[in-house]
Amino acid sequence: MTKWLLPREKVLRDPVHNYIHIRNQIILELIDTPEFQRLRRIKQLGTASFTFPGAEHTRFTHSLGVYEITRQICDNFVTNYPSRNHGQDGLWDDNERLVALCAALLHDVGHGAYSHTFEHIFHTNHEAITQQIITDPHTNINRILRQVASDFPQKVASVINHTYPNKQVIQIISSQIDADRMDYLLRDAYNTGTNYGLFDLTRILRVMRPYANGIAFNANGMHAVEDYIISRFQMYQQVYFHPVSRGMEAILTHLLQRAQYLYHHCGFQQQPTLLIPFFEGNFTLTDYLKLDDNVLNSYFVIWQNHPDKILRDLAQRFLNRQPLKSVRFTQYTQKLIPHLQALICQAGWDADYYTAINTSYDLPYDTYNPNNTKAQIEIMLPDETLEELSAVSELVAAISNKKIGDQRFFFPKAMLGRHLTPDDPHYALTQTFRKYLLNDALIDPKII
Amino acid sequence: MTKWLLPREKVLRDPVHNYIHIRNQIILELIDTPEFQRLRRIKQLGTASFTFPGAEHTRFTHSLGVYEITRQICDNFVTNYPSRNHGQDGLWDDNERLVALCAALLHDVGHGAYSHTFEHIFHTNHEAITQQIITDPHTNINRILRQVASDFPQKVASVINHTYPNKQVIQIISSQIDADRMDYLLRDAYNTGTNYGLFDLTRILRVMRPYANGIAFNANGMHAVEDYIISRFQMYQQVYFHPVSRGMEAILTHLLQRAQYLYHHCGFQQQPTLLIPFFEGNFTLTDYLKLDDNVLNSYFVIWQNHPDKILRDLAQRFLNRQPLKSVRFTQYTQKLIPHLQALICQAGWDADYYTAINTSYDLPYDTYNPNNTKAQIEIMLPDETLEELSAVSELVAAISNKKIGDQRFFFPKAMLGRHLTPDDPHYALTQTFRKYLLNDALIDPKII
Amino acid sequence: MTKWLLPREKVLRDPVHNYIHIRNQIILELIDTPEFQRLRRIKQLGTASFTFPGAEHTRFTHSLGVYEITRQICDNFVTNYPSRNHGQDGLWDDNERLVALCAALLHDVGHGAYSHTFEHIFHTNHEAITQQIITDPHTNINRILRQVASDFPQKVASVINHTYPNKQVIQIISSQIDADRMDYLLRDAYNTGTNYGLFDLTRILRVMRPYANGIAFNANGMHAVEDYIISRFQMYQQVYFHPVSRGMEAILTHLLQRAQYLYHHCGFQQQPTLLIPFFEGNFTLTDYLKLDDNVLNSYFVIWQNHPDKILRDLAQRFLNRQPLKSVRFTQYTQKLIPHLQALICQAGWDADYYTAINTSYDLPYDTYNPNNTKAQIEIMLPDETLEELSAVSELVAAISNKKIGDQRFFFPKAMLGRHLTPDDPHYALTQTFRKYLLNDALIDPKII
Amino acid sequence: MTKWLLPREKVLRDPVHNYIHIRNQIILELIDTPEFQRLRRIKQLGTASFTFPGAEHTRFTHSLGVYEITRQICDNFVTNYPSRNHGQDGLWDDNERLVALCAALLHDVGHGAYSHTFEHIFHTNHEAITQQIITDPHTNINRILRQVASDFPQKVASVINHTYPNKQVIQIISSQIDADRMDYLLRDAYNTGTNYGLFDLTRILRVMRPYANGIAFNANGMHAVEDYIISRFQMYQQVYFHPVSRGMEAILTHLLQRAQYLYHHCGFQQQPTLLIPFFEGNFTLTDYLKLDDNVLNSYFVIWQNHPDKILRDLAQRFLNRQPLKSVRFTQYTQKLIPHLQALICQAGWDADYYTAINTSYDLPYDTYNPNNTKAQIEIMLPDETLEELSAVSELVAAISNKKIGDQRFFFPKAMLGRHLTPDDPHYALTQTFRKYLLNDALIDPKII
């Protein structure tokens, strides 16, 4: 791949990796495409910046970071392990570098504005769109990738969808300890200002190694890998599943749903042109690529003055950070939710738009199961046999195969009736509402 | 001001200061206003994220940071210096705390989308609007401030416009070493990933002290203050005046100018409703508060497909990061610019939209001059006499009263004629263009 | 205690806490005593700097750090919780501050040179000596403490030995999450350059709170406490129990034992004067206070040229970092050790001085047991009830009450016979030795 | 040099560089020599830890750090610049790597205990001894270096004494911006907890480049180099020349002088055996290598009980941190010193042992002068011409060729007469002493 080498390495400053190093013309051209630059306008963590104000970073910087970690992995492999070009015993073929780098850079290119929420409502699929952006002959990204070879776009896409023949490359980009996860943990920790996500990246990269069928970690680095798993566990508990961010997501969901409803039933005076293909369930790639956080937010700015009371109110709540409150519920307390909803209706709220249930669970580490496309983590012992991570780490074993997360019921803050006096018409109703929350132990440990 | 104390201190996570501590109900309510939440959608450094990708932070987090530094300053003053309430010899009156905190939080609340560029074209003024947001009886911010006292909004505004009687409070918020500058240097360094902006905030806060007529720094902390001045000098040179960010600003300026031109001469099929009051030079505060980076960017997304070739091209260049290139010029080489512009016209570019001149200068440290509203820095010697900083620091003296910065001429990258072959129609023209740049030493040290 | 307040707070720079803040004359005088200054000459981690070269920090800086954390805890308590002076409902009595600060500063003052090794051989006891230094009327420390009150030394000592009536004070200084442990984890991580020991001290101090009978942690900070427990677990596994440091400890143990043997059986040409009271098992506090790492090391420098071959060799090995190698053994492989020892003897080594068994175990977190003097960690729920930490944290539950560590057998590196050729007289013997190690799976995962 | 390659790279943890990477058997063996391990027992900053408690790091870790930076420089050169082996236009010959690495590792190996003080009194010379350790055929270091080639020790020595033919290698190890200075600034900043010494090492290494006759820095990295010079300037002012450390050095000097005097005039009951060769001015390399901080400190521990009052007192002052106080003087106030000394004598102090004059100056950056063995810093412009740093940096120009530092007069703290009452016999005398200090403006800005 030397033909694409730049005359001089270029670097981009990055607060997490210090510098992003680029030696390949193809990478530079991919970064300069409109499809990739668009990621500058999509926040990495969606509504989390409403909880952690510093979390303003985007999928653009994250994608560069995943590229950089992949580059460092390849550098390590080519320096320290025998080349597959030079004999049958080789462990790493550096001709795989370019496909790995491109897949790393582009793995999230199909993400859209507030992806998780948006996909749920409009049935888009960022993974499918990532594939499409890479393989559709009309995109800039496809055009650049085709310079390498006519089947190169397909190769890059196959790494991302796990069908590429070389499992090493797949595992670098997508496994339970891949360049993607390592970058987002470090970057999210850096920008939120929490330190749960910190782990020793240098050490992990040092002990990461290719073997015949994949990637393993030398046993003397087991504890660094263990620490990474714990970090991920803690980031899910402390950051990714934070109830306030989810309370804002609930607002966002209902806001988009209300807009779609109005589009179909009343129309808009000033049409949200770029959203219409999605309201109608009939969108092209070009339509999709026009959406980003900025476009959605600017509609919300306009909708703050919309005549529909619910749309207007939800838009204001989203822009001005007024999350729904929530309580955790369990299988035993789930039966109370209809009662709560009834009270909320009695208080004059439209329960469709002002209540929600959100279930957030993650498996921090998953030993082998046949449906999991993410490879388990293998530790290579000094005799070159492999052991699955949870077999050698008590800490990891303790959290393996256990889902973490919770189910929460979301409702308007006003239902708590704080500051209401007994002569307020809703006083009795909010008292009943609070009694359900407290006496029936719906909540643990508190209302957020 | 104990009546506004929260039952329990609240904290927000912040990557720069670790936590933002809030004890006052008024502060919490100010943060929750739409006027303040809007700062979440305005980047602190405008186009700098095109040069330093990590610079995605907003005026929202910066404003919280200025508040937090001010809070720490007040805590230090009240703990370590005699209170003015308790006698004639007091140095600090903690009744000033709330006005200082509010002014710190709100000092930038009138900033708009891409302020510097926008103001230049549409004759808005973020400082005047900050005053207006605080003092206009119809804003949420004014309403909350009035809870303290009917003249409290005016007091807060007067701190920001330097007319408040207590010079100590003014200097905390606005001087050559104020909470504003200290926060932005640290925050911009953190997010760009450069370390030029780092200095010892803890030490500076420790040696900062009130005296009768203002704020001074104990002599044993002189070097920490010196280090802050050097950091600021280096951030201007390395980050704030970076030619690539200015090349993107040039694009943005011309893009907005073209849109205004089209509005007056051709109209838009889909009207950029929120910009029209500005195109017409007749806007209200309500109009102003609807604008943010997101709104502008979403118009640019739409304009990428506009029939006007120039608007379309500039919108694409801005969204996809294709800055104008530039060269530095001096009083001796300035006369070449018309020749360069002529060549650019010959190559088919509209020079009004594809060339620009940008002059960026800053005074890193200014000893007294009668027009400067920013107080000079005073060092307090052990005998309690004051010395101006540059009198005791050779390093600061070396850069005092010297403007740093440069003047640059901006032009399309294509004018460099890279990759053109001699049979290209523009070949000769680009050769001449390059000859001007190189032979006449217009440039130093290189084209950026 | 205002009578001891310094006219101005003094600060010491510290890389871990940034500054150590001192407002009390008593603290300053305690730091200046010979007994406390002596801690500058005793490394915090003993032989660990042979594994982690940066671990050169001493008990002096650690003791200052424990003081500083305690000071921050008291500041938090007095600011945020009702005072016991002002009514029956008070939670914290700030008159306890001085006793807490003194106990924090002095808790390790009885540590000696290479304490753990030295105590084992010479039957000294650093805890008893800490008590003695504080309560013996002839020490400088006692004289300074007596300025406060005649019974004040006894009070300080009683905090350290857990008999002080106020359990809050004891728990600040000595519990499963005390100022001591928090400082050493952060400081050891900082100096070794590992990041296992990092956790969010600011957050923990924020959620730490007094209650009637002790110290608890607010439930919203549970995860920060959990993270601290995991950090401690990892530091034990990765740093404190590192086999190379233990291989150097084995050398040190045998070196001191040999010196004692020679003293009793042969004498020294140049007497190790300061060690003689310990060789004879009859030492005074004055004798003890003369010993530090420097004194021991300087004897080792002299012993490098001693006529006794074993003493000379062990001194050289210790000074020049030639640890014994080791293998982990289990109850199943323990029976092989006599065979290994026999081979070592056959190869000409004195097994008393060139082999060792070391067992290192720690309980990373201990739910209640009646013999544990270290209080368990209590989480305070929003309704002010308490839950023990492992009841609310799955991660902590996973490692509670489980001892971590291992047993290792130590032997000379030469027994591995690396680089020996078959004609070497020890060749066969070392082959047998290696066979035991490898075939019998004595080792896991490798010889260190 | 591939014959010395280890089968697998070894790493040492280091808090400053994260890891020290070792690929060469020779380097590993050099580290394991007694001569090099001895550096573990010599503090890098001598008495500075009395001012900055964290400064407990040794010449051992610093030497490893200089090695590591040199390794990174060579890696950069071999990756990014044409090899001299491959043609006449090559810029870097990687056969120089091993001599550079060895010189980096060993450049300080001749340093002794409290070098600067010790050398001054006993006329030892650490640079000459470094040469001797490398070239004397009886040292372990020489034996290991000879494995490479019989003239290899001499080559390594010639790099350190600036006579090696390849100026590039000399400049890596010893110039105004060399691996030595870069490591000590970062390491001293890390351990003292100050941040004056921080600069962007990654960036400097990236722009550092070989040219025909030496080392230069690409112009686009000029500001990182500038920042390094400023950092060095600030470390000298704030850390290295701190008056308290110099007050402890004065104690140490007099303590050793007194011991030498006593040796010649009275003898010692218990001889300080290892110091005698130095007292007698007749020492061998073997004698020298037995000294380290530990050995000196352990004599001081013994001397605390010596019958000679001055020796005993100075030993106690040194071990227990009781520095001489000091004032700055100038050419105008120098004439007062005899008066001060007379008063000190009248108060009963032996002025030879209780006063001192210390002059500490450094040139933070030196443009060319014919006597300077340290090369000036060259900036390489895009057209490959060179400019000396101060010609392109106003900040550096401001401090070039200007010595910084001061002259101070040291005296016993008791001379300040604090807490004396008028009826004290020394009251009048101390009043006169203070009057000199204050009225004659001897001091600026304060007595330290």
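Which chain is which? They are A, B, C and D, in the order written, and residues in each are numbered from 1.
By definition in this document, a contact is a pair of C-beta atoms (placed from the backbone, for glycine too) under 8 Å apart; a residue touches a chain by one contact, two chains touch by 3 or more.
Note that this is a predicted model, so its numbers are computed, not measured.
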Which one of the chains is farthest from chain A, going by Cα centres?
D
When chain B is superposed on chain D by its C-alpha atoms, the rotation angle in degrees, nearest 5
180
For A-C, which listed pair, B-C, B-D or A-D, repeats its interface with over half of the contact pairs the same?
B-D
Where the centres are mean C-alpha positions, what is the separation of chain B from chain D, in Å?
43
Inter-chain centre distance, chain B versus chain C - centres from mean C-alpha coordinates, in Å:
51
How far is the middle of chain A from the middle of chain B, if each middle is the mean of its Cα atoms, in Å?
32
Got the chain D residues that touch at least 2 other chains?
18, 194
For this assembly, give the contact graph shape among line, ring, star, complete and other.
complete
Chain D residues touching chain A - in the complex, by the definition given at the top:
9, 11, 18-19, 80, 202, 206
Write out the stretch or stretches of chain D touching chain C in their complex.
12-16, 18, 32-34, 37-38, 40-41, 49, 52-54, 56-58, 60-61, 64, 190-194, 270, 273-274, 290, 292-295, 297-299, 301-302, 316, 319-322
Chain C-touching residues of chain A, taken from the complex the two chains share
194-196, 198-200, 219-220, 223, 226-227, 230, 233-234, 237-238, 381-382, 394-395, 397-399, 402, 404, 445-446
